[in-house]
Amino acid sequence: MNKTFTIIKNEKIARATYEMKLLGDVSDITRPGQFVAIKLDGYFLRRPISVCDIYDCSGDGSGVLTLIYKNIGGGTEFMSTLRPGVELDLLTGLGNGYDTKKSGPYPLLIGGGCGVSPLYLLARRLIAEGKHVAVILGFGTAEEVFYEDKFREIGAFVTVTTADGSHGTRGFVTDALPAAGSYTYTYSCGPEPMLRAVYKAAATSGEYSFEERMACGFGVCMGCSCRTVTGYKRICKDGPVLEKEEILWK
Amino acid sequence: MEVKRNDTAERCDTSVVLCGIMLDNPVIAASGTFGYGYEFSQIYDINVLGTFSFKGTTLYPRFGNEQPRIAECPAGMLNAVGLQNPGVDAVISRELPLMAKYFHKSAMANVCGFSIEEYVAVAEKLDLEEQVGWIELNISCPNVHGGGAAFGLDPKMAAEVTSAVRRAVKKPLIVKLSPAAADIAAVAAAVEAAGADAVSLINTLPGMRIDLRRRRPLLANEKGGLSGPAIFPIALRMVYDVYKTVSIPIIGMGGVSTAEDVIEMMLAGATAVQVGTANLVNPTACLDIINSLPSVMTKYKINKLSDIIGGAHL
Amino acid sequence: MEVKRNDTAERCDTSVVLCGIMLDNPVIAASGTFGYGYEFSQIYDINVLGTFSFKGTTLYPRFGNEQPRIAECPAGMLNAVGLQNPGVDAVISRELPLMAKYFHKSAMANVCGFSIEEYVAVAEKLDLEEQVGWIELNISCPNVHGGGAAFGLDPKMAAEVTSAVRRAVKKPLIVKLSPAAADIAAVAAAVEAAGADAVSLINTLPGMRIDLRRRRPLLANEKGGLSGPAIFPIALRMVYDVYKTVSIPIIGMGGVSTAEDVIEMMLAGATAVQVGTANLVNPTACLDIINSLPSVMTKYKINKLSDIIGGAHL
Amino acid sequence: MNKTFTIIKNEKIARATYEMKLLGDVSDITRPGQFVAIKLDGYFLRRPISVCDIYDCSGDGSGVLTLIYKNIGGGTEFMSTLRPGVELDLLTGLGNGYDTKKSGPYPLLIGGGCGVSPLYLLARRLIAEGKHVAVILGFGTAEEVFYEDKFREIGAFVTVTTADGSHGTRGFVTDALPAAGSYTYTYSCGPEPMLRAVYKAAATSGEYSFEERMACGFGVCMGCSCRTVTGYKRICKDGPVLEKEEILWK
């Protein structure tokens, strides 16, 4: 799982938001919702970032990995300065990821901020499986919106919300729920307050992706453990995706 | 004699003897950073290790502290995991049988407790397990009956828990010392006198970070334990001091990340070395260290690693 | 009141008051890393500093330890300079008049000694100097009359030297604590009771490196003091603990290298902050920190820096 | 003195020995025998390296700085991996440097290993001042020899010694002294045992360049102080060059 990737693209796509494409061995990435952990020069701990998309270039596992990250601190700021050609050391294929089998025919995907990122590969996979995918993408303001068109291109039914109403529906993702039509399952990723709101508002069962500060990222240090209905779970290994029924809010 | 030693010496002999058990090499994965070895065994064959110390075990299951438990630091990290573990009975019934499938050497059982009785109870149970080669007593835990100070801070309390466990177990007893003690060498001497077969050091150093946005301690537990390369010079100094004080073997740890660090620790007085935090940021850290030991030994003209133990002392 | 404060508050007020003297900002260059300011004054106008603490002064000239005195560490360094300084009389006759030419604020006089008498003698002389604003008592020095242990390790010895100096000087007395004390907060409380006007912490942590080629301690003095970012989480934790214990101001230090670090130290309880090792690897470290304070304050929504002192405590 | 330089060349010129050329502001470098202190990513302390040569490109101080360094540990090994285009943070113009005024008409320059490096700019300056320069360059073996021809090209009289006799005179630099002819002053740089031997064997007064482990490199930490006949000296500020008469051997 310890792999060297080469940056092929690293560009700003929205306010403080960057899309990075890397070339390397993506064979360990088996499910949407998994993440990678990036070693950055000068930073001790690896940075966990969700897989936004993978594109398999050959039969041998080598492919393009797409990440979307928000510049929120030293490490992500440093990432945003890296140029194509730079090599990065990644742990790949981390976490359980979403289970597309549970979706039913009409899955609803709800993402907020960078939490939109892992929903892209999830939507692609669900659509490939013949599901009718609706997505609600929530942002603070118009300048933060990304991937709206990309979700449309693959055939998802897209609603965008912004808190200030500068683009799409004004309000939070849950404000777009009534207009989302009926759905068979909910997949969600985003900041914890959003997850809580979705948890309350969503009509169906579903899967929710969580974040915790991590040391190892592969399940050995217990740094990321959270309580759930079914006992403790390591967010990095048994998560980041939890089923709605097992969530125990802090 | 001299000639005979040179004749029979293999080129790059990495083996060391720890309390009567021969290790293929001095590299031991440290408790709390290696789980029960399972995740690592999917990355490399963990039988290459000297051995490993599994996660600290308490009498009852413990969830540990609330989130967040991890904070980044320059050349290191803080953890406030809070001894999360399934409790000794689940370790014995579930983890050890699983461990036996992929690790075929004796492992080290890291024992924690919040009273002398708890230490004894946990150690007694693990002492009977075949996979357990050594008992490693983590005396950095607070003594709830002794005012909440950690056993490891005070030579007297450290000696008490050591002799109680000593009486209860047959296997070699390693006492793991806390660097927060005023005089770690005095604690080492006390546990040696109380019957410890070896000491391991250092556990993490108390540290803290504050979240500038929330203006609150970053960790839910406020404070955490500092580990990683940042503490290496402190750990090395303590190993050096303890070597001058005790005659039982020392297991050195604290920031060890390279084969050079292993050699530096051994020159300071360590018979074996534990590698902790390095495993977390580089899953193959122990493997990489073991693989590079021979070439680094050659560079520094070392044939037999056990020859250099304490070599920096005059 | 609230309204009035908001009205008069300047945007980004960096000033703090340290024992009755107003500092333009809380950034103080630390003793032993800034000489007498001369070299730095050739790089930038050092009057931008809150102030600086000049090299530790003893009664008689000291050459200090043999070479090597410096060892590199992960995110830090060891020094075993051994208090090299020209002695208090030469400091007064030669260094202070020179210093007055390029530094127009009150400076902090770092005072060292190997007996209570020596501390008193040095402090008494420096107390009379106009350029000296504060006396900073470095109690990490070994007490040659007290068995060689450092004054700062023991609350009683620390209190003794503090009250002796307190009686001898008129200027504000800052006692600089050693992190090697078993309980630094207890030492802080003892020196507060003995009349200290402030405490500064932390001094360096005892550490060591071994030269793999020579197989000997790298430093001629065997051990040295660890400083730099590696010790920041330890220093921060100690400042936090001491803040809970004393009510005199705290000067926080240990690895501070950025404006963010300054704010973190202040949230932990520091009224001002010293910057040491950062000056050595980046000659403009203090200047850079001072220049970036306003923008970092804005980022974290701080108008008046002195408002956040101890802000991380509930 | 805190300057950004760009690497324009970094190549191996002898066994474990590299020549690095950097472009930047060389105006603070006023004397041969001075040094720079290089910040390297991942290494806490700066690495002190002697100025081998400077070439002023314009009137405004910008120029080419040549360094020669031996790969002896982590930092120098890392340096040897840096490619042209990489920027480095240097403190420049550190140390006192050699005083060419004292040389008399026939200066003798004696260097060992990397200690040969600062003698190059010294030789250039002395020759520019009209002096007749002889140099003795000492190495362990033929593969370690560098700059022999470069010293000849500028008109120095060159003797090379190797400990194993694989090139030039067999033996140490002092073994070449008898054949060096008469000289008016000695300048020396190299490992301490060599400096001691030169000190004993040299017939004249002279200047010797020393090394100590440094923290600051500009005189504020007392990390590099050494005893001399005239009191302590900071090798980084009052040195690295000491006059023969003030040297106190440890």
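In this document, chain identifiers A, B, C and D correspond to the written order of the chains, with residue numbering beginning at 1 in each.
The working rule: a residue touches a chain if its C-beta (ideal position, glycine included) is under 8 Å from a C-beta of that chain, and two chains touch if they have at least 3 such contacts.
Since we're looking at a predicted model, the values are computed, not measured.
Touching chain A and chain D together: no chain. One simple way to say how far apart two chains are is to compare their mean CA positions; for chain B and chain D this gives 46 Å. For the pair chain B and chain C, the distance between mean C-alpha positions equals 35 Å. The residues of chain D never reach two or more other chains; the list is empty. Shown for chain C are the residues that touch two or more other chains, namely 71, 73-76, 228. Contacts between chains close into a ring here, every chain touching precisely two others. According to the touch criterion at the top of this document, the contacting chain pairs are A-B, A-D, B-C, C-D.
Per the touch definition, chain B reaches chain C in the complex via residues 71, 73-76, 78, 153, 181-183, 205-210, 212-213, 215-217, 222-223, 226, 228-234, 236-237, 240, 255, 260, 263-264, 267-268, 300, 308, 311-312. Those residues of chain C whose C-beta lies close enough to touch chain D in the complex are 32-35, 39-40, 43, 55, 63-64, 66-77, 79, 81, 84, 228, 277, 279-284. Across the interface of their complex, chain A is touched by residues 41-42 of chain D. Per the touch definition, chain D reaches chain C in the complex via residues 1-2, 39, 43-46, 91, 212-216, 218-227, 232, 237, 250.
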